[in-house]
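The structure appears below as structure tokens.
Letters A, B, C and D name the chains as they come in the text, with residue numbers starting at 1 for each one.
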């Protein structure tokens, strides 16, 4: 049994509590929130769980092995750092912290204390994204591009741009799915609410290879779109998260390049590119709740001292891009290099 | 009766010939193409039309008032310039020329000689785009963004990037639909065929106002998409050119901004943005063939010495952006300012 | 305050309990189910609600004014009849009873005792169906046809055909939306599970006017479809319940009939029919939970002794059609007349 | 070289002429139409083809081996019979004749004279339907149902119901695709134009096996639908003819029946049906023009005296169903048995 506490009981916290409560390997001991009104419903549904507004109650309980943090982003760092310093394993909402500096310090602290640090990149535990991961690595061939659109109407966040709110999903999926890391980012965007950060943004990510990635996020769209195209040399994928069941479609489509053109002139250049169109296949997608799988993995990592799929380094990599993209957006798309350095061991 | 000649009888030329042939105001006199094999089918279908491989035959015919040019882009300038110098009105395929310098010289020549110069921005004569133009100007309010996706598999063009092949459509539509001109462009993209120009590209267009425009073009997509979102302060539009009849949808959706917040703190900032969702309306779209309407307009302009919707200046504006986007793409998205200057009169 | 009890706590009962619990006008006193294991979760979530396996506890409680019955169909009649005889108002799941004879006896009993009897035709309280009701009555003109498809994979019901399981939804919607009642039904169908009732069925409903209605229900379809077309002389409707927001689309389409043809012959007959295609409009749909609205209406009816939208008579009309359709299906589509008689007062 | 003539040059005839003209094995000698104005465009496009309003010109030409008939249905019989009697092979538009009696007499005449008689069931030569044919016979297992919807707005035909105009397509596809022939039909429908035949109809087809088929046709629908579901014991198909490329989707979905239930009671009956959901596959569809393939097959049959896929018997089977369905529709769905007898040899 892993002793657990959930810190933050607003929008997402109840999902963590519900999942941890029904997990037989978990002793869910505390739910903590600074606002006592939010905690009133807990005892009725989860009779053995104590509630508190005092973080010290949670961190001072020696039977708490791990904490899950679901609070506003600006508080991730102080809460996670305090928990690590109290010797607790930490599972924290995305983005892992409000800056890459904060994220790097959490990674370092967890490593020094030999504690598990995981970030809740929920999407990478969905059946659709796990399938996409497998397809990209097994059948796509060279990856040519990754193009994602995530737009809808609302909800505008306070003081945080659409990049930190929506693109964080795409960046965490890309971090998991693609075989390499981006080396630079260029972002453009605009705010239509005076005094607020951008509500529409476009990110281009550059890699050392000819792979290119692009993310379009928008809080002010008339329709909801959640669609990603991934083009490879052998197959191409469409991932539409709004499809009820056929979320992933694999197309046996592409171009063939004729390298051995022995002469020059128009005819040869025209022959360089051939087109190929074969079957499309929509693999069956496992619809198990992602959060459930994710928490099970975290618990297993705590038990076996293993590394979660989305560890602190993954959280850090995503925050680095968010930060660089925000900087680029302020400079009308001026490219910003991404420091590729890991946190020194 | 306007005496007409068509120069270039490859992919698009036959459409011009078919339309001009059936227009009672037109005396279609010549079809000219450098490749005689292409001309063999003309006499059977259009018995009174002469064919030639010699441009001089066409330009030397005093009964030819106007020529339509449907040849490869690199030849637009010399052919159009020769026609203007021979005193002919000119209707030329898009893009109007291979560089803004060439385009400007055509505009200047036409103006000096008092001849009509039109560029075949076909899409702006479709019922859907004409409806979008009306909606943007009458009901959308302030225009917040213009976002277009034009992707499919093939056809890779030789020596011309996907920007010159596909984005030219979006730029010509934007030029017609939007109430202002862009002042700068940033473009990213990638080639996946060694030695060839980009087959995937992303363009961001900046304006003096908070309007932002973005175009995604791709020759290597598994699915065909032709979709534009236009967001305004009062309404939003989805234009999907692949819909058989409901090509334009107008959404009574948006945000409302509460300006008179008199106090500070969290609660007030949260109240700043409200959401509005009302009816959606798909207006009936006139499905008359765009090319037919466009040629009628050109002929009317020739008769009345009026200015076509897509005149040489429009062609020049679009080429300026194509040129700047190509430059930006070569510099990983470095923004390029657009000279707004018209050709001096 | 209306004293309430819920009988049956399987699939649907918890939704009734959740809604009634949060209604300030309701004193939810009992949840009753023959299987005690189902009741174990109730006290934790609804501390003031008592649970019992004995119907007598519920019916013997003088503070219980009304009961909601959510048990298998075969038990609707005995439970509802017992409740009415105990002087309780009754809200019962659809279909109201397992036969028209049973349904008629419930209607009679409720009327004699001056008690409210309502059937849970949930769909008619959705925003989409209420909008369709308004449109059919206000803008459609003469109603020409009502065509509904409700198919998906599973869940096969035991001992009940797909007609009683799925077509009951369409029949209750039709009963609410259409301006007249059907007078006869013809049904065809097939079972693909030996010894079980039909899992695919097609119902045609005849009316005194030229209106025709048709319902296609199928438990064995590879895709889920929930789509209704309603054709009228002035407008036509598409109601797609799987659309997240644009569930209702109103088409200004149709034919125009030229009556004053003064001569005969081919030309005139061809001119009889003209086609009209105008705008399409998708009205904003109220997404308030239907069950919530429905229970509020029932409570209001109990308080004011008013007639619910879906009263016992509506439940009886629907069961009559289910019964007749089942009979017709057994005779390869032999038409079965519907007795239009109300229960004698 | 096969000497050919086309009779009827209205809507469909020009397609026949265009295809036959470009076929190197065909000597297209005549185009014949009773209305001389229709023939005026022929010489310009097809210089070596003679035109005539006199059938005798065509039938008297000894170099004409075969005729293609594309005239109104009521004239199919006299024209085809005259052609057969003149010793010509016959390719005739669908439906093959206006009654099963006429169709049977054509079949008999062709057989007696050892001439090829084919009916233009165009759809069965499309890549989509040929693929469906292969799938139904190879992977579907037992066929459970065939359900087709073919609706749109217009064009109302004179004096012919929607069954003869639209359902004929579905019946010809079914005749080709399904492994057995229907034994009875029940049809309902309605006319909304006074004095005209039904513009909306529903056909149920019964077979000796538990297979059931259903066709919904409607000239008065606000949207265009061309969708067929075919359910089998091992796979299920969705055929959507409006999809640009993924016209056929094969679902690895269905139910599994547990036969060896050794005890009775609720639990066992619930276990009888299990659900299976696997991958979906959209095979690549050959988009070669159906008419081209069909005419090539006809010519091959003429050369080799082989039997076309859609021979006279196929045409007769379809007309028998059209006739029986029309009769059933007049009797509110009264089932009508189909005589299964072939034309006696």
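Worth a mention:
Assume a residue touches a chain if its C-beta (ideal position, glycine included) is under 8 Å from a C-beta of that chain, and two chains touch if they have at least 3 such contacts.
Please read these numbers as outputs of a predicted model, since none were measured by experiment.
The greatest centre-to-centre distance from subunit A, using averaged C-alpha positions, is reached by D. For the interfaces C-D and A-D, the C-beta contact count is higher for C-D. Per-chain CA centroids place subunit B at a distance of 43 Å from subunit D. Centroids of subunit A and subunit D (each the mean of its C-alpha atoms) stand 53 Å apart. Averaging Cα coordinates per chain places subunit C and subunit D 39 Å apart. Residue positions 277 of subunit B are each in touch with at least two other chains. Listed in rising order, the residues of subunit C touching subunit D in the complex are 144-145, 147, 149, 151, 153-156, 158-159, 184, 186, 188-194, 196, 200, 202, 204, 206, 210-212, 214, 216, 218, 220-223, 229, 231, 233, 236-238, 249, 251, 253-255, 257, 266, 269-270, 272-273, 275, 277, 332-335. In the complex of the two chains, the subunit D residues touching subunit B come out as 44-45, 47, 224, 244. By the touch criterion stated above, subunit D contacts subunit A in their complex at residues 245-246, 252, 277-284.
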